[in-house]
Amino acid sequence: MMINDKNSQKIVDIIQNYARKHSLWILAYGTGCGAIEIPPTMTSRYDAERLGVRGAATPRQADVLLITGYLTTKTLKRVIRVYEQMQDPKYVIGFGSCTINGGMYWDSYNTIKALDRYLPVDVFINGCMPRPEAVLAGFAKLQELIQAGKADGARKYKENLEWYRANQKKVIPNWRMPEYNW
Amino acid sequence: MVGTPVLFIAIPLLAAFLIPLLGFVWKESVRILPGLVLLYLLYLAVNLMGQVAHSGTIVEVIAGWAPPWGINLVFSPLTGLLTTLMILMGFIIWIYSYRFKNIDFREAVKYFILLLMMITGSVGIVLTGDIFNQFVFIEITSISAYALTAFYKGRDSAEASFKYLIIGSLSSMFLLLAIVLIYSQLGTLNMADIADKAHLMKPGFKILALIFFITGLGIEAEIFPLNGWTPDAYAQAPGPVGAAFSGIVVKAGVYAMIRVIFTLFDVSGTHQFLIIIGMITLIIAEMAAVKQDRLKRMLAYSSIGQMGLVIVAFGIGTEEGVFAALFLMLNHAIIKSLLFLSGSYLVYNSTEKYIHETDGLAKHLPITSFLFALGAIAIVGMPPFAGFWSKWSILSAAAHSNMILVIVLILSVSIIELVYYFRVVNRIYFFPKQKEVEPKRPTINALIAMSILGILILVIGFYPDSVTGYLHSASQSLLEKGKYIQDVLSTGQLFIQ
Amino acid sequence: MNMIYIVFIVLLGGALLTFFANRISGLLRDTFFLLTILATTVLFFTKIHIGDTVSFTLAGLNLKWGLDAFGWYFSLIVLGLGTMAAFYALSYMKGKDRLGYFYFSFLISILSMLGILMSHDLVSFFIFWEVMTWSSYLIVIYSGRNVQKNGINYILLSALGAYAMLTAIVMVYANIHTLSISEMINTYPQFSHVQQVWLPVLFLMAFSVKAAMMPLHVWAPGAYSDAPMAYTSVFSGALSKMGIYGMVIVFVSMISYLPDDTLFKETFAWLGAITAILGTLWAIAQDDARKLLAYSSIAQLGYIITGVAVGTDLAMLSALFLAALHALFKGTLFMAVGAIERQTGTVKFTEVTGLIRKMPWTFIASLLAIIALAGIPPLGGFVGKWMLYESLINSNHYILVIAIFFASTAAFLYCYKFLFGFFLGQEEKEWENVKEAPALMVLPMLILAAGTLVLGTFPGILLKPADAAMQTLGYASTEGHLWSMSILFNEWGDQVLLRPLVYAIAGTFLFFLIILTVKGWKNTRYVSTKDISSSGEVPLEYENLTFSVNFYQPFLRAVGPVMKKRMIYYYREFGSGMEALFDYSRRIYNGNGQTYAIYVMIFLVIILLFKNSIFG
Amino acid sequence: MQEILQYTWGALVSFVVAFTVGITYMGLNRKITARVQNRIGPPWYQNFFDVLKLGSKETSIHHGVMQHMGPAFIMVTAVMSLLIIPILNDNRFFPNLNFHGDLVFLLYIMVFGPLGMALGAGQTGNPNSAIGVTRGLSQMVGFEIPWVMALVALMIQYKTTSIVDLMNLQAETGRWLMFTSPFAFLAAVLAMLGMFRYAPFDIVGAPQELASGPMSENGGKYLFVMMSAGSVFAFAKLTLYVDLFMGGANNLIILVVKTFILYLIPMLYGIVSPRYRTEQAIRYFWGWPSLFGLLAILQAVFL
Amino acid sequence: MEFKLFDLSIVEYAFFITAVLIILIGLYGALVKKTLIKIVIGLSVLDAGINLLLISVGYVKSGTAPIFSPALIKDMPLTLENIKKLSEGMVDPVPQALVLTAIVIGFGVTAVALSLVIRLYRHHHTLNIDEIKNLKW
């Protein structure tokens, strides 16, 4: 299905983005305290499924990686691995202040402070912790970005891979991972 | 006319006498002479067989006393066949034992004299037509057998020999008692004459005599429970002697017993008795053989079992049954001798002759092991080897007499037999060799002897017709009692007139 | 000189030459071996025609050999598989010792199988039967593993069966004084009822042992797995079919004449089904590929036995078809295991994994064979299964068809285990340098597997000789109303038109395969099996992530009660009990010469006491 | 040639129908489940988004040939089932191959896909896939028994193995087989619970322990094909049930209604059920459902 | 030449009974006694008993020696009838010949037995037959 025509590509993009935005399969990386906010978000009270948000069990099937809170250097490695295993298009949502600036762990010796130095985050959700309402707002924002074609964290990651790698290797002492080249 | 049956007895006895004398002149003659004698006798036997097939039974009168007074030798198809078989086996055993174990001169003298005596005695048992003469031959055979059993000094051979002797003495007692009974009743010792007059005996005495005969000869024929000596003697005697026991001595014993039952007395119920006793012998022996841990004892028990089978086949009593029995005797002589001969090389340097000492010897003694395996496969009756045909004839004879139970029992026991033989063969071929065992390569003459037996197995297996003709005429000659009497006594008539 | 003699002489002479050539050079031996089997095959299929007979007398028995269509059908299996296995063996056995012995036994067992198929009299049948037993026994013990256990089990049960058959043969011989099989069949209806019942039972005992039917199957797992795989393919594919061959004759020609034949047939049909079920369940539990295939063979033979026992036109046709087909796919599978064994040195699913990229051709052959084994449509296995089910349903064996269906559904489990265990799963570093087996091994596998592929669309190729074989047995021709080249009918007139279905399957498959391949072709690339989603962890090289231990544990837990004890356990108990009895009984010989003398006296006294009843 | 085109056309049309209906059913399933759980739930067309998204997702990796072939295998099953199972009583609208095969063929073609997919899953090397496969296959052995019993009961009761014959029979007598052979229907429906792999028989891909089981390594186009095939296959199965037990359907609307009613059974049963372990599931299928199957056979034999 | 065992007089019975008694004693010795020497003695006694029995069968009360001396034959032609007539009063010679043979054999057996006993004693250092049981089962 090679469609080179620009206009038709645009139409296809619109349809694809529409489908993508309504079908967000999330892989919740539940390390931090934010993980506790996922269940209420998904279950009856807030019911994220009506937005098309649904849990995926493996990175191969997931579209959205939820980083629910602070990441230690140890977990960062796993998160990177998971992110790299996800298939394009893929998005990252950072939960809470920890992912933005370290939050209450700002001076901890082995948590990472700013997630977007290591992974391309599409949407940050503020709060400590963010309430489910905030999470839903975050999803809605992501949908908006997808529809607009601006949720291109994956592309950024690919383009600036060296920079990201350098940052990652800086904090992860025993870097032993397959090379990411797609 | 190449010779007369009396040469079968005269020549080996003479040779046995000459061996030590010649030995002083040329030591090697001790070993060579028996072979020459046996070879000549084999030639004679084959010739006479041809003659018998051509012109009927040969009756030889000894010392001019005609039957029923004198002693006579009968070379009928049956006795001729057995004689030929025994001489053949004797010859093969001679080839084998020509250099078996480096025994010194004195020992060799003893060994070959005794071997010749034993063969002579056995041949005499078969050939003679006189019951007391038969007794004498049995004693000759037995005494040489006692001595041969005790041949090795190092082992428990004396014990085995002594057991043999005790029971053998009982045997001779019963035989003498039976002879006394017959003689007191009929006043004659000639078998044909006894057969002719048997109806004159009081039935009670007749049965008593028969029972004494069965007991006495049953000891030689290894029937249960008279065979206590057998495993010990087989196991302790030198290997070739074990072969001689199973190939020659036992055959003579069975022949004597069968002659008594088939020709001398015609008592109803004997056949059924034979079947029962043969069956018991077969079953007990095979059961005992399974758990043996010594090779030669196992072979001995197997030998007992086979003799039980022979007796069962005789007990069937029809021409087919007798044919089958004779066939089995022939096959058993060949196969069991092969097993003993090859088996004794497998446990050559061992004192205890444990089966596990043969483990993995196939790599070191390929031909011996192969021949042992061939014998094992043949004796359990696997076609297309010799054993199958005899087993088939027994079964078909039994089937023609509607003895289904006998068939089932024989076959069930065959399964047991198969198990223990194959266990040994498996060990020889597939187990790791025991470190302390030092295999001994068989000498060339031993190889020749074993190969002859192996080839015989194959020949009979692939072309049973090579022997069935002789066996058929032999079995007919056993069953035609009247003809036997007539053949023997008519010689006497001729002589007198 | 009759051609039948010549075939046998060629085989026997070739076997001996091969045996002795081993001493001279390996090449000579291989040449002789291959020449013998090829010459036999060529001679057999060109020079011997259906209807040829030859007779001669041996030991006073009239023996007759000849070939009929029924025998020819099975000869096809024997020689076809035999030739393939021979080629395979050349490469598989290379470098092993005692090859003269192996090739000799191989050829002799081919000879014995041909002999069985060509025997027209009972004695030569029995002789060849026994030759088959010991020649295959020689190969079973060839490897030297578990000789005392598996070898003895095999020879013991074979002998049990063979002696049962011998009993039957002498019964027949005593009864009709002839050994001709056709004569026996003709006069069978006149036999007394006791004999009419016992003859088939005894014969079937022999055949069931070779066909590994419950409860006489206990030798099979050990024997199949211990023989070299080059032979096991023949062993399981062709040799066990000799049991089926005999069974067919007994069922068609003898049991059908019994007044109470349904009881017989039902019993055996059920025994076959139970064999299939238990064989399958045990196959699922195995971790050793050889054992798995051995149990699977038992199960497959169970289907065939059921088909034979039910004995309607369609059932018999299916049994014959499955018999040939089983030779094809089980031959392939055993060869594949052999290839894997040779290349990796192990046959345990728990040890070797991920060979698909190393041994692709072996995988393809195995895949085809497994699909055929599972009976999944586009391949030949389905045809056989279909006919079997339909025949069972048509002949009102409702519960039986469920049992058979259960067995063949459960068979998917071990089928998958076989493919997954060897070829799929993680690619371990340990097996990184494994190479594809030599062409001489791969080609026979592929040829046999291709056979199943062809038969899936055109089963008529095989059904035609099967039909001819059945006509020899007295069935009417079923061509046109039960089968044609690629249409199957059942007895109610329902049909399966294989060709459009197979084309549809193939078309759909190719279509979607192409779609899947083309879509994103440029972006999709291969990654190693270490690159899996394992919670963000990167598995290290030495970390084995393959799931292969306790593979079907939940399933086995569900069927646990059935599988607590194996049949062989009872045999062992019986055997050790018997041995204890024997051990006890031999204590009669207590070693004291005096006791022996006393025995003599006791014997005398007993006879004297009972002399009147003994010598009445 | 014309024949082939005709069948291809029939296959295409029925595929489209089955795809649409199947996907809708999946969406409805999610919706109804959500409603039962007192949620609003996704819209009924949610699964179209999902499938479309999966189709548009890139698939940058594969683990080998079998992973390619696995989805194709399962698609073959789905399409072949559609080809064998008559969609409507009147064959004109959806010309297909239903005269060329019969129930036994169908039974086998229905296991073709799962087995093929299992191979695909095996190739990925993910242990979760293999574990899921073993569970799935084990469970299949479980539910095949009552299912086959039900079919055998039908076959022997009406002396045919052809689906078309069974449909014609119902059309002639006007009585549905679910009433004339109630036990067979019960057994078949209980077996269907297993076939759909909804709770309580969803241990195959239980996300909480196995990631998503056999599909763990499959994303993008593979999952796209698998999901489509699953929807098509679900519809095919439901149609088969309708054909066999509910007299078939004369037009699509009736078909959709009937299939949806049938579909409600596994769906509702699943919503209120916890999860069985594999051996529990197997024992469940060999319990009551098989007993019903047995009763069905008895009924077929004796009535 | 009819011989009837039970037509014997009381003296002849005595032979018979004695012979049987000796046989039984011999059997007792051979079967019950545990010492090898005694067993051998038992066997010899057994032999003797049988020989006695054998002799007694041929015994004719107050018969003459079975020799056709020239004095006895005189001028009679050697026809069958004459031989029969002549031999009527004689003791039957055949059993005697048999016994002679049997004695020789018995002697041989005893000799072998005793030599075996010597070897057994050397090997086992006992003469108790119950302890000489290396070979069994």
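What to note about this one:
In order of appearance the chains are A, B, C, D and E, and numbering begins at 1 in each one.
Assume a contact is a pair of C-beta atoms (placed from the backbone, for glycine too) under 8 Å apart; a residue touches a chain by one contact, two chains touch by 3 or more.
This one's a predicted model, so the numbers in the text were calculated from it and none came from an experiment.
Touching chain B and chain C at once are the following chains: E. Where touching is counted per the definition, the chains common to chain C and chain D are A. Put simply, the chain closest to the centre of the protein, by Cα centroids, is C.
The distance from the centre of chain B to the centre of chain E, each centre being the mean of the chain's C-alpha atoms, comes to 28 Å.
Centre-to-centre, using mean CA coordinates, chain A is 58 Å away from chain C.
Centre-to-centre separation between chain A and chain E, using Cα means, comes to 119 Å. With centres set at the average Cα position, the gap from chain B to chain D is 79 Å. Chain contacts: chain D has residues 58-61, 211, 216-217, 220 touching two or more partner chains. Across the assembly, chain C contributes 519, 523, 525, 530-531, 533, 586, 589, 591, 593-594, 597, 601 as residues in contact with two or more other chains. Within chain E, the positions touching two or more other chains are listed as 30, 39, 132, 134-135, 137.
All chain pairs that count as touching, in label order, are A-C, A-D, B-C, B-E, C-D, C-E. Across the interface of their complex, chain C is touched by residues 27, 30-31, 34, 39, 129-130, 132-137 of chain E. By the touch criterion stated above, chain C contacts chain E in their complex at residues 586-587, 589-594, 597-598, 601.
Within the complex formed with chain A, the chain C residues making contact are 519, 523, 525, 530-531, 533, 535-538. If you check the complex, the residues on chain B that touch chain C are 159, 162-163, 166-167, 170, 174, 207-208, 210-211, 214-215, 218-219, 225-226, 228-229, 231-232, 267-270, 272-273, 284, 287-288, 290-292, 377, 380, 382-384, 388-389, 392, 395-396, 398-400, 402, 404, 407-408, 411-412, 414-416, 418-419, 422-423, 426-427, 429-431, 463-465, 468.
Listed in rising order, the residues of chain E touching chain B in the complex are 1-5, 23, 30, 36, 39, 43, 46-47, 50, 53-54, 57, 92, 94-95, 98, 101-102, 105, 108-109, 112-113, 116-117, 119-120, 123-124, 132, 134-135, 137.
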